[in-house]
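What follows is chain A paired twice: with chain B in the first complex and chain C in the second.
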Partner chain A sequence: MIVVSSNSNFDVSKIPRPNKSLKRNWTIGLLIAFAFLVYSARNTGFNFNTVADGLPDFFRLIRQMYPPKWATFPSLIEPFIETIQIAIVGTFIGAVIAIPVSLLAANTVNKNNKLYLVSKFIMNLIRTVPRILYAAVFVAAVGIGPFPGVIALIFFSLAIVAKLTSESLEAIDTGPIEAIETSGANKLEVILYSVVPQIAPSYISYSLYVFEVNIRTSTVLGLVGAGGIGQTLMTSLNLFMYQRAATIIVATFALVIIIDLVSTKLRERLI
Partner chain B sequence: MSVLEYKNLSVTYPGGVEALKNVSFEIEKGEFIVVVGLSGAGKSTLLRATNRLVDATGGEVLFNNQDITKVNKRELRDIRSDIGMIFQSFNLIKRSSVFRNVMAGRASHLPTWRNLLGIYPEHDKDIVFNSLDRVNILEKAFARADELSGGQQQRVGIARALAQEPQVMLADEPVASLDPPTSHMVMKDLQNINRELGITVIVNLHFIDLAKEYGERIIGLNNGELVFDGPAEATDKETFEMIYGRSITAEEEIGRDSSVI
Partner chain C sequence: MRPESNVRKRDKFIRWSAFILSVIVLIWATLGVNINFGELIAGISSIVNIFGLMFPPDMSYLSNTLVRMMESVTIALLGTAIGSVLAVPVAFIAAQNLFASSFVSWLGRQILNAIRTFPSLILAVFFVASFGPGQLAGLLAVGIHSTGMLGKLYTDVIEDIDTGPISAMEASGANKLEVLWYAVFPQILPEFIATSIYRFEINMRASTVLGLVGAGGIGVILSQALNYRRWPVVGIALIVIVIGVTIVDYSSAYLRKKIV
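Coming up: the complex of A and B.
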């Protein structure tokens, strides 16, 4: 039998330990965070009584919605198609513009440091603005309809696809880039032969993912007047056509699930 | 006439490391040169200064009497298309076919629109297939590059450089990640293109037996300085110990060519 003997000529208290103040800082930090949470809840008027009081109203609404009136479905086909079209056009144009932007915002491809930093900054700037804010601003600028919705999705798609693609670009194998550069090819040819084959599957996958998100987004764009099924939903609710609204909600749910499934399958095949 | 001439070439990296100090020598057309030295002696820097993958901080590199260190971007691309290069890690585009990898070496000779659309003239396709045939890998033309073994990938690397129809071929530790028989095969491919096509070959090696067997002329670098320049026959153990600045160990020998029939 092996015995771990204790010729104890050591002193555990002398082994260095992490700083005690770290533990204190954590405690203080958590207390502050909790205080802020309570303050925020009070300010927003959130309390569980209100939730409980609201429940009967909520169930009444659900009862009024049930059953969905499927007869209204034919009149919904057109706005649904518009929703899908907004997503397709917005994703496509945004993803195409994302190609040069992501190349400029990847230090493996763009060796000009100033241009690289500027591109990265612009890319991040576009991303900070929420989608629905873009939609609201463009509705104000060009009027109600699908067009401002498309523009909002172009900005959103551009920001996300460019961000993800440029990050993947910064992780590609730079050996082939060097190899094609040393053969005397110009920048475009270098990108074409050594960068495109490495990045294409990721880029397509990101674009499909953004298309999924855009389908979901374009169903709510109508809430600010930017076209599609969301606008029809708003109208139905405002006119107390709850059964029609229920039809829209169920159909939207189905559409999102179908698009997600197809897109996920496609993306699995890519990588 | 010399195809390459190094005049007092110095390279100091931004960190302050002096990779090359005042290196001067000339290379005649059609020579097969092996550059030896410990890792960090400046072998890679010498090759990379030849096609300006690194910038010289002093001196000149003349390619057909044109100073590479001073040319503009357009001229540099022209010079680079005359200099092929192969790498230790092959640097192939793994997801692309062998054909497309080799065609990439041809890109600089074609208009950009042809490269973009992938519409290649028959003449250039011929060059691609002939390059592959020369390194005995034609039957893999339509395989994906990452399906190939290391030795096969390096031969595709050579074919890609060959498709440039270069005057000079640079090889930076081309066999460092290959097993001994494959290493000999790759060295023989380089020997063949030197002898049959008259392409000047400069190879970095750290195996002294390979250097002696395939090199016609040996350039020895130690700590960034040129310490030996002479025919391979004139070298012996003492020469290499002088270049390395220490006694030779078993690691500096790859072993005899076991593939010889």
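Coming up: the complex of A and C.
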């Protein structure tokens, strides 16, 4: 009688082999992607001829823009300031409203599951729609100017800051919360003394990050009529003032780069 | 003890002056955009009102909206493909660890930086001005912008590769092409594909907006509907955008998880 020990029921077919179906899946996937690309190219009219036809016009446009006319710069200062102001106000109001919302959307603080899920869902919903679309809708609702731009930025900053902050809130150390709770503190005291000190640096850092993004956005808000330098760019292009448009673009780059540098430096110091 | 308390005092001073400075900046900005509390409340209530007017959405526009949404999808997809292809050579030039001399790679990085500073919406404005309104302008805008973005990310991927396999192959007498094919590509390809898929998500959002400046896609419907204040049509367009973007987000996240 042969006693079958546990490690002798060895089966050759159980040795892992190079995965053939993996290779097949890749090939099929790539073929489908390629077929879809060809279909898309035909649909959009993207081919050598259409691109070659438009290129001369494109280069003519670039030539007409060069050199930027810096004499027009003084007239641009005001819209530039408006651009910065839109971003500041939008970020600030959005970030302030984000504080209570992020508390609702963190399961370490908010123990009410229904409220938690609803606030998560709303924030995800807000973030699905691009910022410029909000701006366009709000322009149609309340009229052209910086006001709809500010509201669009409030909306979006609220959603991003609240999402990031609530994620940090879910990762905080719950020890201090429990300690303070057992010593008989109420909800507000718990938040003030055990949650806020842990979360404040990352919250400020997220707000600064969103401010960077908002500066970039507020330079294009004007393309849909929501104030700032984008609106000046649009008028310059419509009036064929291409050198002025070039000045705006160069100055916008400078602005974005400066704000990025300052904000990155500030964030580095915070964390 | 002394110096420590001095540092504390300085810290406190910096904190307070930063606080006061931000309050001043905030007041300046609020005055600049001409917003007061009453106006803000009125504006928000009129916006809430608008969302009410969008319902029920105009379902007779559904098929039209879906066709335009497919346009947006094709713009995003093809734009991502163009960007992914164009970004590869630029990234190899800009990466500092493989071939190029430090000057050439510096130049490559500067070119990528310059492309990236153009938001796709501004590119679209220029392409509409030279190629005429339509999908082609949007496609080029997305493609060029993606080249800059993907080029930067690809460069990072290339600079992070493990050089062990490369030296091993070189030592065994492989030529440049063989090194690329067997030691470099297997390392970077999954990352490249995952990066491009992520870019597709972003481009999907961008391509829904392009129509507002005449560059094709669902934004065209939105822009017309907004001009005539046809809110139920705006409603259906927004619903289609939200559903479409969500589908793309989830499937892209799924694909990326499979690849990396």
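Simple rule for what comes next: the second predicted complex is superposed on the first by the 248 of 271 C-alpha atoms of A that agree within 3 Å, B and C clash if a C-alpha of one lies under 4 Å from a C-alpha of the other, contacts with A are read in each partner's own complex, and residues count from 1 in each chain.
Quick note on the criterion: a contact is a pair of C-beta atoms (placed from the backbone, for glycine too) under 8 Å apart; a residue touches a chain by one contact, two chains touch by 3 or more.
None of the values given here were measured: they were computed from a predicted structure.
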{"item": "Which of chain B and chain C A:V89 touches, first, second, both or neither", "value": "second"}
{"item": "Contacts of A:A162 with chain B and chain C, given as first, second, both or neither", "value": "neither"}
{"item": "First (chain B), second (chain C), both or neither touched by A:A106", "value": "neither"}
{"item": "Chain B versus chain C as contact partner of A:L192, first or second or both or neither", "value": "first"}
{"item": "Partner with the higher number of touched chain A residues, chain C or chain B", "value": "C"}
{"item": "Touching partner for A:V213 - first (chain B), second (chain C), both, neither", "value": "neither"}
{"item": "Touched partner set for A:G184, first chain B, second chain C, both or neither", "value": "first"}
{"item": "Which superposed partner A:I172 touches (first chain B, second chain C, both, neither)", "value": "neither"}
{"item": "Which superposed partner A:G54 touches (first chain B, second chain C, both, neither)", "value": "second"}
{"item": "Common interface residues of chain A - those touching chain B in one complex and chain C in the other", "value": "none"}
{"item": "Interfacial residue positions of chain C with respect to chain A in the complex", "value": "25-26, 28-30, 32-35, 39-40, 43-44, 46-47, 49-50, 71, 74-75, 77-78, 81, 117-119, 121-122, 125-127, 129-132, 134-136, 139-140, 205-206, 208-209, 212-213, 216, 219, 222-223, 226-227, 229, 234, 238, 241-242, 245-246, 249"}
{"item": "In the complex with chain A, residue positions of chain B that touch it", "value": "51, 53, 77-85, 87, 89-96, 100, 103-105, 107-108, 112, 115-116, 157, 160-161, 164"}
{"item": "Chain B-touching residues of chain A, taken from the complex the two chains share", "value": "173, 175-176, 178-186, 188-189, 192-194, 197-198, 201"}
{"item": "Touching residues (chain side chain A, partner chain C) in the complex", "value": "36-37, 39-41, 43-46, 50-51, 54, 57-58, 60-61, 81-82, 84-86, 88-89, 92-93, 125, 128-130, 132-133, 136-142, 146-148, 150-151, 216, 219-220, 223-224, 227, 233-234, 237, 249, 253, 256-257"}
